[in-house]
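Alright, structures below, take your time with them.
Two complexes, one shared chain (subunit A), two partners (subunit B, subunit C).
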Partner chain A sequence: MRDAYVIGAGQTAFGAMPAESYRSLFGTALARAVESVPGEFDRETVDEAVVGTLGVGGRQLGLSAPAATEHAGLGGIPCSRIENACAASGYAVRQAVQAVRSGMADVVLAGGVEVMSDTSSDVTKYWLGVSGETEWERLTGTTFAGVYAQMASAYLDKYGATGEDLSRVAVKNHANGANNPKAHLSFECSLEDAADAPIVADPLNLYHCCPTSDGAAAVLVASEDVAEEYSDDPVRVAGVGAASDRVGLFQREAYTAIPASERAAGRAYDRAGVGPGDVDFAEVHDCFAIAELLAYEDLGFCDRGEAPRLLAEGVTDPDGDLPVNPSGGLKSKGHPIGATGAGQVVEAFEQLTGQAGERQIPGATRGLTHNVGGSGGAAVVHILERESEVAR
Partner chain B sequence: MSDHDITQTGPLAPEDVTADSPFTLPGFFDALGDGRLLAGRCTDCGTHLVPPRPACYECGSRAVTIEEQPRTGEVVSYTAVHRPPSPFSDLAPVTVAVVELDSGARLTGRVTAPVEEVEIGSSVAWRARDPDEVGIDPSAHLPYEEDWPVHEFELTR
Partner chain C sequence: MRDAYVIGAGQTAFGAMPAESYRSLFGTALARAVESVPGEFDRETVDEAVVGTLGVGGRQLGLSAPAATEHAGLGGIPCSRIENACAASGYAVRQAVQAVRSGMADVVLAGGVEVMSDTSSDVTKYWLGVSGETEWERLTGTTFAGVYAQMASAYLDKYGATGEDLSRVAVKNHANGANNPKAHLSFECSLEDAADAPIVADPLNLYHCCPTSDGAAAVLVASEDVAEEYSDDPVRVAGVGAASDRVGLFQREAYTAIPASERAAGRAYDRAGVGPGDVDFAEVHDCFAIAELLAYEDLGFCDRGEAPRLLAEGVTDPDGDLPVNPSGGLKSKGHPIGATGAGQVVEAFEQLTGQAGERQIPGATRGLTHNVGGSGGAAVVHILERESEVAR
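Let's look at the complex of A and B:
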């Protein structure tokens, strides 16, 4: 099987962008991905495209990929939309890797886009609600925050963790996002700010929840046969793992873990031949503060119940042993549903190629991205590395 | 009231999966409207499936049978949703829980008590109600859901 490489990646800023459309956002992300390729790269080289989007509000639900790609000058290539709620474009990247490894394509565009800021809060809740177990979770009156809040209640009860442990996720990720010019909420917050915010769904308050954002991201994946034409030092996709689970939280084996994340990570580590200790940084799916704590445990960064300690001790700070969400994560960078997973790979690409500016983690040679759909109905993990720097 | 045979055990033939069958949502909600909560029960691994499904999502077996569930159980986790979707705004903050019934089956639902009175381990009992009586705006329902009852949990002590 051929190796797959990321030769370029780019994204729009995430945030509320009323003057943009899904097409203009997608076009900007693609243009930035193309610019990021070190060598000369013509977008006509793209063999196919996979576009992740939930389609919040409806919009171009049918033929969304042809609609987005024709606008970006890629008209006529094979392309399709991939949907796995908040993990849509993490799965788009995975599908691009599959196409390249299989030999069906040499260069594949994996992108994602979402526009959320022009819909009412009710419309957004509906679109997120139908990404849960609709007849049950949606009709209880819960929201997505309410489903994660039930994981938080169970976790706090089981391990004696506190609201302050949740707030520390917000403080860290906002501090990181303040260094990210693409971040939606690029301000810092204190532990007091985070503790005093209004309750959204007990025990989660406003600072424990990510925003709903507009944005797009694009990743160019190339085969080992052609990657060298575009980059002397491309980023290798060392491992990919994915898993699904029951859509409804109540139907799952665990509430204090996301089993699909654990299975996806296990597969990605196996394929890459590395373990959690070999990763220099991670972009994890912190849609709610509890999700970042669960991710530490599901991804094997610490034992069950130890995530609050890992965070409080600064291990996951930018200058810690294992920085998590240097981009600011979903919490601060933002969460345009369909663009989030590809956006994580953009951050990993920038970190691994030394282009992350003030967020740069010195010497980063291997990174992990972790993208979750819904409350854990789907998950996908990528392990990316600078081959030239990694002893193989 | 439907008089279908609820003792049927899979694997089901496609022609058995009709709107009368509790393996479909219409059949399941018909029974709930009659005051009976039906779960699927995998005869191979014992997993409960609420609502019933033709295949076990734990082990993949299609040897699923229908089992009527008890009324009482315990809260496994809970929250109060302070900003629910607007059809539920009259009920805000909405207390929502995952409950493990005495059979071991789990389901989620609204709790009629304020969140301060709920904790993990609280004893509850479910009942089925007409959504209009409860104060949920009908716009919450997709067209195919309109005739369905909603269940809710009450604290029993």
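Let's look at the complex of A and C:
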């Protein structure tokens, strides 16, 4: 089966944008992805589109994919919405890879979009809650922060970690996001700021939670047969892995890990023929601070219980051995649910093509993206590499 | 790229089933698909799942795919929800074909599910409405029946067709559905019954509209590399075609055709290397009577304006040259939104493997399924054939 390449990727800023709609945001993201293609590229070249969105607010719950693509000037092509809660557009990228590998399409747009800032907090709470298990989590009153708070409590208890370990995630990611012109919360925070924030769901405080954002992201995936027409040095999708799990946390085999992430990463590493030590940077799903710590362990960056040490020692800082979330992550860059997974791939594309500006990781040739749906009912991992720089 | 085959397919009955949930229905459909595989087949063989659902009633709006598959005993595999309104699971089957052709999976479950009968009529109206264009159709008061009524009005006006032409769709499909133990409305109706029914949205009356149903369907798609392990004579997916269009009818290039259907069919015929005259039967998307007439023309079964004649002459009757909707179609078999497209493939599988009982079309070797999202914002067509019987 033929390989798939990312030939272009772009996104809107993430943030609260009351003047925008899901359609305008999606159109902007596509326009930026098209601009990012090194060679001549006409959007009419796109054979197919996959749009990830949860549909927060219920704006266009049916046919939101054709509704978004028609506005973006992609008339008539096969397109569909994919939904896996917060992993919607990570899965959209994966589906684009399948479409290209299947021979049924040469260039596929994988994108995502969400508008979250114009609804009331009750509506937002509802729409976040739907990514939990309905009968036993949402309808019994558990908020989405509450689900991750249970994971955080279990982790702190099991490994003797502290609130400060959680706060360090915020400090690092805000420092990174301050260098990202597309970030929602693009300010730095101190360890004291993070530690003193009001509690959202104990032990998680405000700085341990990502914001709810508006935004869109778009990734252009092309087959090896045509990628060279658009780029001398496209980014290869070296590995893809996905997995699911019980939707309800209480039915999961572990509270101190996200097993779907571990399985998804294992598959992606296998397909790419690499391991965690071969990755130059990673964008991981830090919807809550505990999620970034779990990701270090689920993705094999360190042993179980070692994530706080990895973070505290600066290994995942931009100048560390394995920078994590150079974009600012969900915490600082923002988390427009359906756009997040594709947005991670946008960051990886910019890093791998040397276009990440002040966030640039020197010599980045292989990156990993990690996108989680709900509290771990779904996960998807991509390994992307700049082929020209990789010894194969 | 390797070919894809349907090795098994099954569904629940369609109807009002207050004791069932989306999970129990999906599990039953999968169990029946597994039972239908001729050889030994363990559901643990399934590599991946794609679940089509609109999510009517908002039961599990996020992560409904893992929620359905976990209950069906498919733990941990990659799975995602696909949504294209009423074409959700037609697209799920297409995505399964892509997954198999991509080499990333050998056996993929494409299914669909919807529970519609336990909500109030206002809730149902809302959830049907979301498949129209939100700003200019749903929010301005146009019901979904109202959208198709506009198409019916335009068609009757343009071609001098009559309400009786619409009613004949109901008479044929109810006669077919009366032979289908899985049909929701499994009774016959006379032309008088159909003509005298109360108006829903002029010119469409009650017999010109499909019911809202509960139900689930499941299709097992396998690669050519493994299909023979499970079946000596699997059903080949000879052609797949999909297309999108403007979601709002008022922005469409035609009211008297569904251009997305025409484009999707064109692609499917091209890929299969056949034409409309090579098809032995078809399951088409008759959500409203006008939709079946348009389908005849969009799929190339006859020229524009000729559909009423085709129907009246009995060409699409079970003993005609091109039987359409031998299952009873959406009109009589029922229309549980997310399950409909996969349910069409279930019927095609049963026809092609000689298991359609009293509905069996003698010698059926090639069938077409046609699934429409909304009023034509999306469409997907599959051409399936019993390879052993087809001269290639």
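Please note the rule applied: the second predicted complex is superposed on the first by the 392 of 392 C-alpha atoms of A that agree within 3 Å, B and C clash if a C-alpha of one lies under 4 Å from a C-alpha of the other, contacts with A are read in each partner's own complex, and residues count from 1 in each chain.
Please note the rule applied: contacts are C-beta pairs under 8 Å (C-beta built on N, C-alpha and C of every residue); 3 or more make two chains touch, one makes a residue touch a chain.
Just so it is clear, the structure is predicted and the values come from calculations on it, not from any experiment.
*Asks:* In the superposed model, which partner reaches more residues of subunit A, subunit B or subunit C?
*Replies:* Between subunit B and subunit C, C touches the greater number of residues in subunit A.
*Asks:* When the two structures are overlaid on chain A, which partner does A:Ile77 contact: first (subunit B), second (subunit C), both, or neither?
*Replies:* Second partner only.
*Asks:* By the touch definition at the top of the document, which applies to A:Arg263: first (subunit B), second (subunit C), both, or neither?
*Replies:* second
*Asks:* Going by the contact rule set out at the top, does A:Met151 touch subunit B (first), subunit C (second), both, or neither?
*Replies:* In the superposition, A:Met151 touches subunit B alone.
*Asks:* Report for A:Thr369: first if it touches subunit B alone, second if subunit C alone, otherwise both or neither.
*Replies:* A:Thr369 sits against neither subunit B nor subunit C.
*Asks:* Could you tell me if A:Gly377 is touching subunit B, subunit C, both of them or neither one (first, second, both, neither)?
*Replies:* A:Gly377 contacts subunit C only, not subunit B.
*Asks:* Is A:Arg246 in contact with subunit B, with subunit C, with both, or with neither (first, second, both, neither)?
*Replies:* Both: A:Arg246 reaches subunit B and subunit C.
*Asks:* Check whether A:Gln98 is in contact with subunit B, with subunit C, with both or with neither, and answer first, second, both or neither.
*Replies:* A:Gln98 contacts subunit C only, not subunit B.
*Asks:* Please work out whether A:Met1 is in contact with subunit B alone, subunit C alone, both, or neither, and reply first, second, both or neither.
*Replies:* second
*Asks:* Do any residues of subunit A touch both subunit B and subunit C, and if so, which are they?
*Replies:* Touching subunit B and subunit C on subunit A: residues 133-134, 246, 251.
*Asks:* Quick check on the complex: what are the subunit B residues that touch subunit A?
*Replies:* Where subunit B meets subunit A, its residues are 25, 49-51, 57, 76-86, 88, 91, 93-94, 96-98, 106-110, 115, 120, 136, 140-142, 145, 148, 150.
*Asks:* Contact residues on subunit A for subunit B in the complex?
*Replies:* 121-122, 125-126, 129, 133-143, 145-146, 149-154, 157, 198-204, 246, 248-251, 255
*Asks:* Subunit A touches which residues of subunit C in the complex?
*Replies:* Within the complex, subunit C touches subunit A at residues 1, 54-55, 58-67, 69-70, 75-85, 91, 94-95, 97-104, 127, 130-134, 240, 242-247, 251, 259-260, 263-264, 373-374, 377-378, 380.
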